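Following are the structures in question.
In the two complexes that follow, subunit A is the common piece, with subunit B as its partner first and subunit C second.
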Partner chain A sequence: MIWEVFRQEEAGDRHTHCGNVHAPDREMALLFAQIQHGRRMQTNSLWVAPSDEIGEVDADETEFGGTTDKSYRWAITYNQIDASFAEEVAESEAEQEEAAEKRGDV
Partner chain B sequence: MAQPVPGDLSPVEAQLLRLADDEYVLAERYTEWQIYAPTPEADLALANIAQDEFGHARLWFDLLQDEFGYEEADLLWERDPGNFLHSPLVELETPDGDWADTVVRSYLYDVAERLRLDALADSSFDPLADRVRKVQSEEGYHREHAQSWLDRLTGGGGDAHQRVQSAVDRLFPHALTLFAPTANEDEIVAAGVRTRSLADVRADWLDEVVQYLESLDVVVPDPSAVTRPDEVGRDGSHTGDWAALHEEFTATYRELGFDDPATLRSENA
Partner chain C sequence: MDIDDVKARAGPREFSPSDDLPLEYREAATRMLEFHANSEVMGGYLDKEFTRMAPSLDRKLACTAKCQDEIGHAQLLYRAAETLGVKTREEMLADLTNGEGKFLNCFHYPVDSWYEAPMIDFFVDGAAMRRQATLKDTSWEPYAHAMDKVCFEEGFHVKHGEDILRELMTSSKANQERTQEVFEEWWPRMLQFFGPTNDESTHNDFAQQVGLKTVSNDELRNSFLNMYMPKAEKYGLEIPEYPRIFERDDGTMAVREDDLDWDEFWTIAKNDFEGSHEQIGSRRRRQEAVEWVRESMTDWETAGADSPQAAD
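The block that comes next holds the complex of A and B.
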């Protein structure tokens, strides 16, 4: 049985997929994952989940973000101000601009 | 500096050597599973445990060097095999491909290790007590590893359960030597190097080991009825398996030829 392993570097970080382990059950998966995925990298926490239990939808099956121009959805409310005073606003704008460029909207 | 000789050690030296030799020799046996363990995951886990045990051996060997003036070669590479003090439990050759043997040995050893580290945590010899805590934090994984395997090997009945039972029958008499005294055991306790006697530690070990193994439907031999092996390790006496292992782990040291060492880009390289 294959267990997908997700590693968190520091408390508060997201758990990020980092690989998998073969194990007969959850307890053994956690035991093995500690060595295989938590030993060399800084690790605060590991999750394991059975591979079979993970659902997937990919770009062959759907159009992520739709196919039409969605730039009207950008959260740019105050165009004339420097958004750097609020990190999350600046990040959100940058992310959305980048995504739009990748889709070819802009 | 001469190499350590079993009958001629201070209490602290004797205690440190018992610890160091047990860890070092067990790690050598674990290492033999490299690339042969049942799965890649099992391989990595056991390799990691072996590295931990080598690391612990290093802590104790370092103390012997720092505090008593031994050289590394006195303690390992040039020490006479009859001057090692480890329990024969850790030196026994693993029956070919018998994972249950390794798991049982690890369990019997790791429970004893936890109890003895607890008995050393308040050692009168501060450098020893200081290092105990470092080791304790890694030993938890070793016990969890051994018990997780034992639970599963015995859970399904059949061949695996039988192999565990055979390993217990074979290893248990040797495991009792973990608690055999060195020549100066009385001084070790009197000087507070270890705060509990081996007999006390052994009683706790028996309680725990018997209760757990019986919960898995594994029969534990009656210690008083067990035929005791002649070799007890702590006095330098060892089984036939030890000579070959000693020969093997010192081979590279001898082959390197330290009288005429090779250096990179030189004639002898």
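The block that comes next holds the complex of A and C.
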């Protein structure tokens, strides 16, 4: 049975997928996960979940973010406004800009 | 863990669902999250009005996108709240419908014109974002995680709101005057957004001791004034004489709290204001109007296993 492993580096971080292990049950999966994925990288917590229990939808099957122009919903569109007056607004805009670059929108 | 352990350990994102937390902490966190989630719902319903009033297609699209975001934020927050095991999502939503659930003062005032859009979308959202940015450091980890996504999205709301204000204040004189009138109506409500001074706020102290809140109402209100008053002035809005705003010795701004209508504020806090009845009632009626959608989805979900699919 295959178990997907999710590692949290520090308390408060999200658990992110880091690999999988082959184990007969949850207890063994947690043990193997510690050995294979918890030793070298900084680890605060590990989750394991049976691979079969994970559902997936990928970019071949759907258009994430839709198929129409949604520029109206991004901060960078409103370029007559300077976001720097409030750090949280500027930070949000910077995060959105980074996401837009990764999506390939800019 | 007892409450002293919680106070000793309290820090950003310190407590997660795997921790054994005392009831007092879980109740306080539930109260904050439920209030926040309810406010997202009621803010979304209020904002919905602007889609019809918006003067252009672009603005209408942005307004619908914003409502969608707010309802999405509510979903994240109800999730973070129900994990505390004090109240279920159904109980929180039922309480909001029956008038028990509490939410932000600014969302108890029905809106009836486009001039009110920048009041909500720029000033009130800007104030909300001030507070939400500080909640990225709350001690309840699921709350902080929800704030990561909420703050990511909010930048659009605030900038769009400011863009509406810019557009109105650079258009006709009539528009500018109307915007000023509406601003004067909303200004005291915005100042009350952060609640009363610290010593009058009942839950503040405990929430700060256990790390749920990291910044006091007072500090938030003052930083809001320092950032948003210059913005209002930049677009030619005149700050009303009352409530009086003054500069403290350290250069920060503060408000004379006696100039604000706290009777109205506390009536709102009990959901007993005229506008409270109107807003809660209008959401309830809309919920009832789409009951058939929820029912058909439940029917569809519960069908299948034990009952045969309906023939086409």
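What to note about this one:
Quick note on the criterion: the second predicted complex is superposed on the first by the 79 of 106 C-alpha atoms of A that agree within 3 Å, B and C clash if a C-alpha of one lies under 4 Å from a C-alpha of the other, contacts with A are read in each partner's own complex, and residues count from 1 in each chain.
One rule holds in what follows: contacts are C-beta pairs under 8 Å (C-beta built on N, C-alpha and C of every residue); 3 or more make two chains touch, one makes a residue touch a chain.
Please read all numbers here as calculations on a predicted model, not as lab measurements.
Ranked by how many residues of subunit A each touches, subunit B and subunit C are led by C.
Once chain A of one complex is fitted onto chain A of the other, the partner contacts of A:Phe32 are limited to subunit B, with no touch recorded for subunit C. Once the two complexes are overlaid on the shared chain, A:Arg14 sits against subunit C while remaining clear of subunit B. Legend: residue contacts after superposition of the two complexes on their common chain; A:Arg73 is shown touching subunit C, with no touch to subunit B. Look at A:Glu95: by the touch rule set out above, it reaches subunit C but stays clear of subunit B.
In the superposed model, A:Pro24 lies in contact with subunit B only, and not with subunit C. Once chain A of one complex is fitted onto chain A of the other, the partner contacts of A:Thr43 are absent, as it touches neither subunit B nor subunit C. By the touch criterion stated above, subunit B contacts subunit A in their complex at residues 39-42, 44-45, 48, 141, 144-145, 148, 152. On subunit C, the positions that touch subunit A within their shared complex are 12-14, 16, 18, 58, 61-62, 65-66, 69, 126, 129-130, 132-133, 141, 144-145, 151-156, 158-160, 162-163, 166, 227, 230-231.
On the subunit A side of its complex with subunit C, the touching residues are 11-14, 45, 70, 72-75, 77-78, 80-81, 83, 85-93, 95-96, 99. Residues 21-24, 27-28, 31-32, 34-36, 39 of subunit A are the ones touching subunit B in the complex.
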